[in-house]
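Chain lettering (A, B, C, D, E, F, G, H, I, J, K and L) follows the sequence in which the chains are written, and residue indices restart at 1 in each chain.
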Amino acid sequence: ATEEEVYQLTVRLLEAIHSGDYGLYAQLSDVKLTAFEPEAQGILVQGLEFHRFYLEAAKATRRRQGSVTSPGQHTFHPYSTIENPQVRILASGSAAVILYNRLTMSLSADTGKPTTHRYQETRIWEKHGTTWKQVHFHRSS
Amino acid sequence: ATEEEVYQLTVRLLEAIHSGDYGLYAQLSDVKLTAFEPEAQGILVQGLEFHRFYLEAAKATRRRQGSVTSPGQHTFHPYSTIENPQVRILASGSAAVILYNRLTMSLSADTGKPTTHRYQETRIWEKHGTTWKQVHFHRSS
Amino acid sequence: ATEEEVYQLTVRLLEAIHSGDYGLYAQLSDVKLTAFEPEAQGILVQGLEFHRFYLEAAKATRRRQGSVTSPGQHTFHPYSTIENPQVRILASGSAAVILYNRLTMSLSADTGKPTTHRYQETRIWEKHGTTWKQVHFHRSS
Amino acid sequence: ATEEEVYQLTVRLLEAIHSGDYGLYAQLSDVKLTAFEPEAQGILVQGLEFHRFYLEAAKATRRRQGSVTSPGQHTFHPYSTIENPQVRILASGSAAVILYNRLTMSLSADTGKPTTHRYQETRIWEKHGTTWKQVHFHRSS
Amino acid sequence: ATEEEVYQLTVRLLEAIHSGDYGLYAQLSDVKLTAFEPEAQGILVQGLEFHRFYLEAAKATRRRQGSVTSPGQHTFHPYSTIENPQVRILASGSAAVILYNRLTMSLSADTGKPTTHRYQETRIWEKHGTTWKQVHFHRSS
Amino acid sequence: ATEEEVYQLTVRLLEAIHSGDYGLYAQLSDVKLTAFEPEAQGILVQGLEFHRFYLEAAKATRRRQGSVTSPGQHTFHPYSTIENPQVRILASGSAAVILYNRLTMSLSADTGKPTTHRYQETRIWEKHGTTWKQVHFHRSS
Amino acid sequence: ATEEEVYQLTVRLLEAIHSGDYGLYAQLSDVKLTAFEPEAQGILVQGLEFHRFYLEAAKATRRRQGSVTSPGQHTFHPYSTIENPQVRILASGSAAVILYNRLTMSLSADTGKPTTHRYQETRIWEKHGTTWKQVHFHRSS
Amino acid sequence: ATEEEVYQLTVRLLEAIHSGDYGLYAQLSDVKLTAFEPEAQGILVQGLEFHRFYLEAAKATRRRQGSVTSPGQHTFHPYSTIENPQVRILASGSAAVILYNRLTMSLSADTGKPTTHRYQETRIWEKHGTTWKQVHFHRSS
Amino acid sequence: ATEEEVYQLTVRLLEAIHSGDYGLYAQLSDVKLTAFEPEAQGILVQGLEFHRFYLEAAKATRRRQGSVTSPGQHTFHPYSTIENPQVRILASGSAAVILYNRLTMSLSADTGKPTTHRYQETRIWEKHGTTWKQVHFHRSS
Amino acid sequence: ATEEEVYQLTVRLLEAIHSGDYGLYAQLSDVKLTAFEPEAQGILVQGLEFHRFYLEAAKATRRRQGSVTSPGQHTFHPYSTIENPQVRILASGSAAVILYNRLTMSLSADTGKPTTHRYQETRIWEKHGTTWKQVHFHRSS
Amino acid sequence: ATEEEVYQLTVRLLEAIHSGDYGLYAQLSDVKLTAFEPEAQGILVQGLEFHRFYLEAAKATRRRQGSVTSPGQHTFHPYSTIENPQVRILASGSAAVILYNRLTMSLSADTGKPTTHRYQETRIWEKHGTTWKQVHFHRSS
Amino acid sequence: ATEEEVYQLTVRLLEAIHSGDYGLYAQLSDVKLTAFEPEAQGILVQGLEFHRFYLEAAKATRRRQGSVTSPGQHTFHPYSTIENPQVRILASGSAAVILYNRLTMSLSADTGKPTTHRYQETRIWEKHGTTWKQVHFHRSS
């Protein structure tokens, strides 16, 4: 595995999250995915069910927003950028961890103003056969 | 009683709560059910009347939501997952206690954004004749 | 007077309050009723005029709610339950005091979610001729 | 002057305030009326102009409310009660001071729920010729 | 029973509370005394044990304060005044209820400045044989 | 009574308050003095007992402060100035009301820094025989 | 098992907690004790190690307090009372659950004033051989 | 590598942190250790220098506490327990990630009361030659 | 210049502000007007451009309000009164400073209730040729 | 480079930001632009993508506002003024830094009232060939 | 009068304030000095008495600080700098106004850390005979 | 100028700040140094005087701390680390800007616990003759 490959995997995963593409998300994730994230307030989230709820909500919001913006107008879907990424290839290259700051830009629900959220993320990838799967991630804000 | 059986009973009870199915809830509960929960601010809730109010409200919200979401669109009804469950079969197996963290996912009323609430629950089941009944539960957030 | 009789009087009084039935409320109350309650911020409320304003408001809300809920749907009027009641018959039984926690369930005005308020109430009943009248109550939250 | 007369004058003044009847208010007030009240944050209000703004606003709200409530329905105009009044006739009875707690009941603008505000008021009346005029008042909440 | 007698009983009780004189307090109280007070956050306090803790603490503070103030200097022990009292003799005069605002003056623990707390109190007295006993009180702030 | 005379009476009263001179305070006050002030949170204070507690506390603080400041050093006792005073002579001059902003300067208890508090005061004086007495005052901050 | 027996066991356990008597506490507790309590913010506490830290701290505070209070003076050790207890005997009497409100009185660390905390507790007892052991408890405030 | 081995390594690391044993900490850590932790507010901490400051402070506090507690008395050094640990051996076993909730018990600096903090930790270990080194950790509270 | 003339100039200037009459405002102001006001959070505002934005906004609000209030109804445009004004004629009368409290009355945007804001203003006027111009003002709230 | 030239460049850049003219913004900016700004909460923003999101949002808001304001009415687009600017030409004049306070005026989203925000900005310009480019800016509020 | 002369006068005045030199302060001030400053919460301060209290407090603090700092050690007396000053000579030069931001550096009372406060000040000087006197100032923070 | 040289200059400057070495600081700084920093709340700090106050305070604290820590004990002087630095050489290498996150570790004044503050800093260096001088810096937290 090369650092660039791990970086690109992570970029595709963030796009899946924002577009609410649960199919792609599942494809990039181990079924026994574990996660620490602020939403779960200390409880380790296990499996994909929890993330599915958030992705479906993102897709519904995106479809609703799309329908109200008149054609030709710029639709502002939330998106994220990866800042100061560091990749560490583990154990002969069959596993890797990427750690980065994540900036998520979106229009705030009530004022319509652009807002930015900053997170720290640690995401662990492992090679299952020939495909890479995220097996654990830890987000804090 | 087996631990799995007690776990499944609890899963069915949480579904009854979220779908507002008071019939099923009553069937799974002792008439003299007692409960400590944040809503009652220290007062022991006795009987089923209090819980009925909450279940009927859940059913009304679910019906209202159903009517507004256009066909084919994903309707986001609140649901709960049980995390880190532990079951303790008491004495000769005719009673049991299950303790777990509960994550409840729902769309927040004002911003429409997915939100998650975390609770701790202790739920005590007892075999009345051939059917299991919850006799007491204690929730804290 | 029996404890049960005082308890039932109090139940009917709470129903009168929630349904906004000022007629019944006045019938159960001494004209020179006195009350300490959080709304009056330390000032002793004297007479029935103050309570009439609250009961009329409850009736108006109930009528307005009734008109908007389509037929067959469950209308959620606020109601109260009496928890851990204690009745003390005073002197030769021609007066009594009931003290209890009161749980009031209602749909919150802005989010539509079911909410619960907890109060402590001390209510003093006295026999005027053959009918019982509340002469003083003290509520705190 | 008798205590009762001063009490009645004050009752009529409060009614003028709530119904927005600036004519009656001016008739009961010295042109060089002075007042300390929370709204003016420490500044002594002099003359009637300031109070006129508040009375006209009350009248406009009352007219607007009146137009929206369907006939037969109870319209909830704000009103005040005078609690624990004490009247002190000064020297030869051509001046008097009344001090009381004032409870003002009204429907809160956003939730429609009945709410109560408590104030302390000191109001000084003086006989100008044959008519009584309020010359100064001090309100605190 | 006369209103004045009930008023004097209450004055003596408040003095017992401030001087931490548990003996006198017990003498004036029914063993099965019940109380709603802010400290117990909704829970009905039953018996005298709870109040004993508070009185002993008052006595200890008073003794400690006494020892540090040099002779001749004014020692500021907390004390209460009863404002706007109303007494209602119940039925045949063998029971009575007194309701009043209570102002408690004391030096604040950290700044040493005089401070005042305002409470509402409803206190029910009953004649047991020849002596009056408080059987229930309800305090709110 | 002249406006200047009422103004001077008020200046002397404020000096009595700050130096804790209860003798002078009582001499200038009617025994049935009434007062609305923030400390009493809505309750009308009646009689001199309440004010005595505050004056004694002021005297004790002043004596304690005096003893710690080495000779020749400037001791900072709290003092008040009367700003924008207006005097209204009532009823042929045998009663008067003075209304003013009051600035009270003192060293704050914990940081030792000079601080200023602003109040509004309405103070009513009446001639009892040949001596002027304050009969009522209303303070708000 | 009788309800009274379960109640007494719980009283002894609370005494062990306040006196910091870890020996007695361990004797009354299953080694695989589980607990939900506010201190652990959602995490299920397993085993006795966590509780030992709190009991040792209580014992140290008690010894330190004891050494500073001069002989004959009342030392105020924290203590708890059990209010509105309900006991439910489970499964032919070899297990039981007790649910109650708990009032804990103590002197606050900084102001030295008596304070009270209110909790809800669900405590499950099971008979291991001839001795009763608490196997799980759930506290919320 | 076995799960138990990774668990024990983590226990030893937490002990090093609490006892301020920087020697052991460095021995168990890669020189190019990276970390996300609340203290650094979003900035990735790189190298050991940052952690050394915290460990030295812990050692100084421990030495200072030790000197003040009289012999025989229980000294309360902060300590942590690992709850709900999950270990995932990566690829061929030469790397592993452990994720757990961490409860840290300590006496609060100002009130001396025992307090508990809850964290989520993700810690990645890698085998460098024959010794295991932590290469990255992510803590959130 | 006479004090009255300076006072009238200031009254006209406040009317220009509330009616959004930028023409009149500019006519009464030096092009190099300087101002300290809370909106600019410490930065000295120079020139007229900043004030123009606020005046145009006032005019737009006034026109919008005007169009919605049905004829004959009282329209509540914000207005200010000048309290306790003091004018100091500087040098040979070709400059003057006026200092006053300003009370601004308006209907609050969300609740429609009348509200009052209090400011302190120092405004410096200078005679340029035959016309008076404000050259600097300092507002604080 | 002259100070005036750098000042004018900065004015044009601020206009591009408020009108949402991404074309002009990009033309005036180095592709590897870096920025510290409150929105990114400590993370260095690199490249133009982040700023494009904000400019597009400004353009959308401006177009939406334009469509709702009836012709002839003053549309209030946000704009900024540069206060107390200082320009420092670096070395041989092929780079410069401008530092200033920035006041941004706009109508607040919910109340429609004019509001002002104050920022400090440091903006570094460098000559790439014959055109000036901003290479870094630092904003704080 | 030249701008420099007014600037220097203001510098000397600020030094008088920080060193608590009331003599110099009075010498530079009109006896009928007026002032708006945050401490007086809206009330116009008239005369020198109010400022004397603050200057004496500054002198006492300075003397106390002086005595505790061992010789040779740097004593940190508060001081102010004048930023972005603008002077406007009024009419024929016999009056002037200076407006500036004022930064006051001092050691915070409790943490001993250096802290900075920012103010806006408008100060009006007038030539009385041959000496300049401040006649009015307006401070806001 | 090389990037490493600019980085080392900045490291030496931060050491000067923490050790309070004003001599070294001045040597590394232009006399007309300008700075935006949170302490000055929007005002541009000009010259070295302001920074001298902070450095002298740091030196005094360091000397005081040094004297109290017994020999051999680790003294915790505050220090900073530079994270994610980026250096941009400007013009022909005679100027440079360095931008970085700054982590400052210190013992908190009241709890003695180690704490960390995160800042963003933009620092501009310019070659004056043969020595590098910081000419401007912008800090935000």
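Here, a contact is a pair of C-beta atoms (placed from the backbone, for glycine too) under 8 Å apart; a residue touches a chain by one contact, two chains touch by 3 or more.
Keep in mind it's a predicted model, so treat the numbers as computed, not measured.
**Student:** If each step moves to a chain the current one touches, what is the fewest number of steps from chain G to chain K?
**Tutor:** Each step joins two touching chains, and the minimum needed here is 3.
**Student:** Can you spot which of A-B, B-G or D-K is a repeat of the A-J interface, where more than half the contact pairs line up?
**Tutor:** That interface is repeated by A-B.
**Student:** Considering chain A as a copy of chain J, what rotation angle in degrees (nearest 5) results from a C-alpha superposition of the former onto the latter?
**Tutor:** To bring chain A onto chain J, one rotates by 60 degrees.
**Student:** Look at both sides of the chain B and chain G contact and report whether the same residue positions are involved, with over half shared, or different ones.
**Tutor:** Both copies touch with mostly the same residues.
**Student:** Give the label of the chain whose average Cα location is farthest from that of chain I.
**Tutor:** G
**Student:** Between chain C and chain D, tell me the centre distance in angstrom, where each centre is the average of that chain's C-alpha atoms.
**Tutor:** Using C-alpha averages as centres, the distance is 31 Å.
**Student:** Just the number, please: Cα centre separation of chain G and chain I in whole Å.
**Tutor:** 67
**Student:** In whole angstrom, what separates the CA-based centres of chain A and chain G?
**Tutor:** The separation of the two C-alpha centroids amounts to 45 Å.
**Student:** Between chain B and chain F, what is the gap in Å from one C-alpha centre to the other?
**Tutor:** Comparing mean C-alpha positions, chain F is 62 Å from chain B.
**Student:** Touching two or more other chains, which residues of chain D qualify?
**Tutor:** 41-44, 84, 101, 110, 118 - these are the residues of chain D that touch more than one other chain.
**Student:** Which chain pairs here would you call touching?
**Tutor:** A-B, A-G, A-H, A-J, B-C, B-E, B-G, C-D, C-E, C-F, D-F, D-I, D-K, E-F, E-G, F-K, G-H, H-J, H-L, I-J, I-K, I-L, J-L, K-L
**Student:** Please output the residues of chain F touching chain D within their complex, sorted ascending.
**Tutor:** By the definition above, chain F touches chain D via 34, 36, 38, 42, 44, 84, 86, 88, 90-92, 94-95, 97, 99, 101, 118, 120, 122, 124, 126-127, 135-136, 138-140.
**Student:** Contact residues on chain L for chain I in the complex?
**Tutor:** The contact residues of chain L facing chain I are 41-43.
**Student:** Which positions of chain F touch chain K when the two form their complex?
**Tutor:** 73-74, 76, 79, 81, 83-84, 101, 103, 105, 107, 110-116, 118
**Student:** State the interface residues of chain A toward chain B in the complex, per the touch definition above.
**Tutor:** Residues 39-46, 49-50, 53-54, 56-57, 59-61, 63, 109-110 of chain A touch chain B in their complex.
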